[in-house]
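Labels A, B, C and D are assigned to the chains in the order they are written; within every chain, residues are numbered from 1.
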Amino acid sequence: MIFGVDVASMILGGVAAGMVLFIVSVGLSVTMGLMGFVNLAHGAFAMLGGYVIVLSMNYWGVPFLPALAFGFVVTAAVSVVFERTLYARLYRAAELEQVLFTIGLVFMTIASVTLLIGPENQQLRLPAMLQGQVNLGFTQYRTYSVFLIATGIIIVLGLWLGFERTRIGAQIRATVDNRRMAESLGINVNRLFTLTFAFGSGMAALGGGLGAEFLGLDPQYALKYLVYFLIVVAVGGLGRVTGVFYAALLIGVLDFVLKKYIPKGGTLFIYGLTILLLLWRPQGLFAGKST
Amino acid sequence: MTACLLETNALGRSFGALAAVSGVEFRLDAGARHALIGPNGAGKTTFINLLSGVLQPTLGRVVLKGRDITGIPEARRVKLGIARTFQINRLFRGLTVLENVYIAVSERVGAAADMFRPAGARGDVIREAMHLLAMLKLEDDAGRRVSELPYGRQRLVEIAVALGLKPEVLLLDEPAAGVPSAESHIILDAVGRLSKDIGVLIIEHDMDVVFRFAERITVMVGGRIFAEGTPKEIAADPEIRAVYLGQHSHV
Amino acid sequence: MKRIIGATASFLLAIGWAQAQEVKVGVVLPYTGVGAELAQQQDRGMELYLKMHADMIKPYKITLIKRDYKNPGGADAKIAVQELLTQDKVDILAGWNYSPNAIATAPLVTAGKKLAVISNAGTAHITNLSPYYVRVSFSMWHAGYALGDAAVKQLKAKTAVVGYTDFPPGKDMLASFKRAFEAAGGIVIDEIPMGSAGAVPDFTPFFQRVKDKKPDVFFVFVPGGDHTTAVIKTYNALSMREAGIKLIGPGDITQDNKLQAMGPGAIGLITMHHYNADLDNPENKRFVAAWKKEYGPDSTPDFMAVGGYDAMAAIVHVVKALNGKIDVDKALEVLKGWKYDSPRGPIMIDPQTRDIVMNEYLSEVVMKDGKLAQKPLGRIEAVKDPCKSLKIGPCAN
Amino acid sequence: MIAPALNPALHPAALAFAGRHQPRVWEPIVWILALVFYFAFPNHLGFGTELLITILFALSLDLVLGYAGIVTLGHAAFFGVGAYTVGMLAYHGFWNEPISSLMLAAIVAALVGLGSGLVLLRTQGLTLLMLSLCTMALLEEAANLGHEYTGGFDGLASLPIPKLLGLFEFNPLYPRTQYVYVLTVLFISFLFIRTVVYSPFGQSLTGIRENTLRMHAVGSPVRARLVTCYTISAAIAGIAGGLWAQANAYVNLTTLGLDRAAMVLIVLILGGCGRMYGAFVGAVAYMVLAHFLAKLYPTAWQLGLGFLLVVIALFARNGILGIGEALLRRFRAKRMPR
C-alpha cells in the first residue's frame, strides 16, 4: 500500500512537471516543424508571458485565470510583431543564422528585463484554492500539481482536436509534412506561419506563468530551461503535438523518479537517456505519427 | 555479343503499398548508348536510384560485371565504376565550377584524403578537371561560383562532375532538362564523345534527342519494363506509339 | 604674476593632495548573469557605508572601480583582478561573490600584494589560499556547525536529513552540520544533493524522498535567492510540517529580502545565522533605516548587504589608520584583531586566520504586525570558523 | 585535340586555384599585430592571452562548422577535456611539463572526439545539435560528480605549472610568458589548420558542407571524412583547453559548459565562418566588446551584444569578414570597366 501511494505520488509529481514542459515546448515543436526555424528565443517568450502574468497579478490584482489569458494574448501579440518584422526575414536562412539571431534576442530580453524590472525572482501568488494539498481518495497530493495536470490534459485535448478537426490544423499538418505541396494546394503559408508562431508563443507564455511556481521567474529564465525544452522537442519530434506530449511526460516522470531515487546521480541520467533515445530514434520517438 | 556491364535481376522497390519498380530485368552492355523512356511516374528515376545505390531495392539484385553489388552503398559503387547525374542539380553551389569538378576527380584518383599537401599542388587533378571543363565549354566559368551560373550552365557542371569520376557506367537522369536547346547539343556532343568502353544509360523525354543518341531503348511504364529494342523497333511498335510516343508528340 | 604662480602652485598642490587622498578600491562582483541580484546587495551595502560615513571618511576619497566577472568560471574574475592590479593600479581589492572565483584568483592576489577583502564567498579554506585575503563575510562552517550542535541540544532532534545544493558551499554545509550534529549525539540518516546552483530545480522529488524518511529535522542548504523561495513553497505544498518534519537551515534559507515573498508558509522555520534584518541592536536599526531610505521601503538588506557594508567598514578603517597610504603588510597588521560594531553585532578579524569572528543567532520565523519577522531563540557569541579550529581537510593548511 | 596555346591548365582560373594556398600579402599583419599587442598593452596580457585562446578554440570550431558544415552546440566538451587533462595530471602530481601536457590534452580530446564523432555524426540538424549538447552536459555533470578527482564546482586551483622549457615562469600577475607561449601554439596550430583547409581533404570537407548527398555520389567516404575532421578539431579544441588550464593555472566546470560552447559559436559566426580569419576577427570583436561594455556599463553589456548578434544575423550573414568581402567586391567592380 505504501508502495502504491509512493508510486502514485511520484507519477503525479513527474506528470505535473512534464505538463509544464509540454505547455512551453509544444509551440516550439510546431513552429520548428512548420517553419524549420531554430527558435532559441522561445524561452524568452515563455519568460515574457510569465512576467506579464505574474506582474499583472501582483501589481494590478488581476486574478490568476484572467492573468493567464492576458499573458497569452500579450505575448502572442508581441510575437506577431517580431515574426513579421524580424523572423520572416530569416525563414530561408541557414540554421546557424537563426541560432545567432535568436540567441541575440535572448540576450536582449535578459538584459532588458534586468534593467526594467530587476534581476530578482518574481513570485507567483497562487489563489488560496490552489495552495496546499488535496485529497485524491488514494493519496493526498499537492493541489497545484493536480491543477497543472488537469490543465495540461485540457490543453493537449484541445490542441489535438484543433489539429485533427479544424481547417487550420489540417493546413499545419500538411505544411509540416510537405511545404511545397501545401503551397501548391493554395495554403497561405505565410499567414499560417504567423498564426502558428503567435499561438506557439502564447502557449509558451502560459507555460511560463503556470510553471513559475516550480521553475521560478527571473531574467535568466530565457536561457536556463532552454535545454530542457529543446530536449523535449527533439525527443518528441518536430511538429508533433502528441509526440511532444508523450516526450514531456516521459522526461518529466523520468527526471522525477531519478532525482528521488538516485539524487547523487545529478543530471547524468537524464542527459544519458536523452542521448540514447536520440541515437535510437534520431527523428524523435514519436516521429512516425502525423500529429 | 558485347560484354555485359550492368544487369538487374527481378529488381523491385516498394514504398509502402506502392511498387515504384518491380520485376525489372535489365542489361547494359559495355559501350552501350541506352535510353530509358517512359511517362512521368513510370519509376525511371527510382530505377536509377537503385542502380546507383541511393536506394536499396526491396527485391532482386543489381550485378556489375558479374559481381553482386546489391548491398553495396552508393559511395562504394562509385569506386566500382558507376557514376550518375541528377534530375535536379546536386552541386556544390557555394564553390567554383573548378572546385566542383576537382572534388570529383580528386576522389577518384585517391587524392581527397590527403590533408598535408595543398590542393593546388595536385596539378594532375587540376589539369584533368580543366580538360573536362574545356570539353564542356565551361572553362571560362571555371572560376565562378556555381550559384552564379545560369541553370543551363549548371547542368553542364552536373555532367562534368560525373565525368570527373571516369565511370564505366554513366547514368544520366534527364541531363538536358531545363537547358536551352542551343546548349543541349553541348551536353549530347560531350556524351557522344565519351570512350566507347563506357556504358551510358540516359533518361530523356525529348524524343529527338533519344532517337539521335540511343542505340537501344527501354520503355518503362508503371514500374515495369514495357518494351525494349533498337530505336527502329521501338519507333515501329504501334503499341508504344499509342501508349507513349503518341502522348509525347505534342508535349 | 606672483599671484598667478601662487595660484598655480596651490592648484598643483591641491591636485597632489587630492591624489594622495584618493584610495582606489577594485570591486569584483558578478554584476550580470545569475548572480546579479547578489552582487547588487553587496554593491548597495558598500555604497551605503560610504554614504552613511561620508563625513568620517573625509579628507580621503574612496573610489570604487567596479568590475563584472559574470560567472563563477574563474577566467573572467582572473582577468578582472589582473587588470585591476596592473592597469587600474588599485590599492585594495574587495568583493568575491562566488567561492570558485576567490579560489581561482588567490595566486593573483598573492602576486599582486594587495589587501583583498572578501564580502561574501564562504568556502571555508579560502583565507588559507592567499595571505592577503581577509574575510568579513562568513565561512560555511559558522552557521552549519553551530546549528548542528543546537539542533540536538536546543531543538531535541535525534535524526536529520540533509538536503543541499550540489556545489562546494553545499558540501561544506553538509560536512559542518553533520560533524556537529553527530558529535552531539544525533544521526544524519540521509544526504541528498539537490541539483546545481545554476538553476532552481523542482524540489518536489527530493522533498518527497525526505518525507518518506521522516527525520526529526530536515536541514536544508541552498544558495540565497530563488532557491530559497522554492524550498519553502515545496515544504508547504508537501505538508511536511504536518508530517512532523522541522525545516531548519542556515540563514540563507530565510534571506531577508526574500522573506516576505515566502508568505505565511515560512512561519516556524528555524535558522542559524550571523545576521538578519530584525536583529535588535542600535547599529542594525540605523543600518536598516538608512537602507530603506536609500533603496525604498520594500527593499531589505540581508547578510550579503551586510557583507558589503562591513567590507567597506574594514577598508575605511585601513585607509584612516594608514592615512591613505595603503601598504598591504601594514594593512594586515591594522586589520588583524580589528574589532567593529557591525549591524550583525560585534565582529572581529581573527589575527591567526584573517577570518571573521562573530555571533551566531538562532531564530524562528514568526508573524509580527502582519509581516514575517525573525524571533531570536538564542545566541552563540564570538564564533570562530570551526573548520580551521578543527583543522578539517584543506582548512588544516 | 586541344592546342597547347589554349591549354586549359594555364587558364587563369586554374592558375588561381593552383596558387590559392600561397600566403596573402596581408596575412603577416595579423601576427605582427599580435606581437605589437604584447609591447603596446603590457597590462592587458591576461586579456590578450584569453583572447588568443578563444581564437584557437574558434578556429577548431571553424574546421567542423565552417568547412565541414557540422552544426554542433557541444564543442566546449573538447575544450574541457583538454583543460581537465592538463589540470588533473598536474594537480594530482602525475605530469605537468607544459608542452608535453598539451600534447596529451590533444590526444585525449582527439580520442573523445573520435568516439563521440563515430556515434553522433550519423545524425544531423536538430538531433545532432541536441546530441552534441547533451554529450557536453553529460561530461560536465560527470566532472561535477567526480569532484574527488576534478575538484567539482570549485575546480582545481593553483595548478603547479613549471617554467616553460625550464626558463620562463608563468607569472599570474604579468602573464608575459603565457601570452607568448599561447601565441606560438596558436601560430603553429594555425599553420596546421591552414594546410588542412587548403588540402584536397579540406576541399572535400567543403563539398560535404555544400552538398552531402552529392559527395556520396562522387564516391566520397563522407562519414569517415567527417569523423576525421571532427577528431582533428577536437584535438585542437583540446589544445586550446589545455592552454587555458596552463595560462590560468586553473581548471573548472565552466571549461565544458554551454556558456563556453555558445560563446565560441557566437565568436565564429560574428567573424564569419569558413574563413579562418573569421575566428580572429570574431574573437577580437566579441571579447573587446564584452570587455569594454562590461567595464562601461556592467549591468547591460548583454543588451549591446544581443543587438549586435541580431544585426549580424539579419544584415550581415557572413559575419564581419563577409561585410568586408562584399565591400571589397563592390569596390573592385567599380574600378573595373564594364
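Please note the rule applied: a contact is a pair of C-beta atoms (placed from the backbone, for glycine too) under 8 Å apart; a residue touches a chain by one contact, two chains touch by 3 or more.
What you are looking at is a predicted structure, and each value in this text was computed from that prediction instead of being measured.
Hopping across touching chains, the smallest step count from chain B to chain C is 2.
Contact count check for A-C and A-D (C-beta pairs in contact): higher for A-D. Remark: chain A and chain B have CA centroids separated by 48 Å (rounded to whole angstrom). Spacing of chain A relative to chain C, judged by their CA centroids, is 37 angstrom.
Centroid to centroid, with C-alpha atoms defining each point, chain A and chain D lie 34 Å apart.
Chain C and chain D have CA centres that are 39 Å apart. Of all residues in chain D, those that touch two or more other chains are 144, 299-302.
In chain C, 32, 36, 166, 196 are the positions where the chain touches two or more neighbouring chains simultaneously. Counting partner chains per residue, chain A has residues 111, 114, 264, 266-267 touching two or more of them.
Screening every pair of chains for touch gives A-C, A-D, B-D, C-D. Of all the residues in chain D, the ones that touch chain A in their complex are 65, 71, 119, 122-123, 125-127, 129-131, 133-135, 137-138, 141-142, 144-145, 258, 262, 265-266, 269-270, 273, 299-303, 305-314, 317. For chain C in complex with chain D, the touching residues are 31-32, 36, 66-68, 70-75, 78-79, 82-83, 85-87, 99-100, 103-104, 106-108, 111-112, 123, 129, 166-168, 171, 196-197.
Considering their complex, residues 52, 54, 73-79, 83-84, 86, 90-99, 102-104, 106-108, 111-123, 125-127, 129-131, 133-134, 139, 142-143, 161, 164-165 of chain B touch chain D.
Taken in their complex, chain C has these residues touching chain A: 32-34, 36-37, 40, 166, 192-196, 198-202, 204-206, 208-209, 212, 225-226, 229-230, 233, 236-239, 257-258, 261, 263. Taken in their complex, chain A has these residues touching chain C: 6, 9-10, 13-14, 16-17, 111, 114, 118-121, 123, 125, 131-133, 140, 142-145, 213-216, 218-220, 224-225, 255-257, 259-261, 263-264, 266-267.
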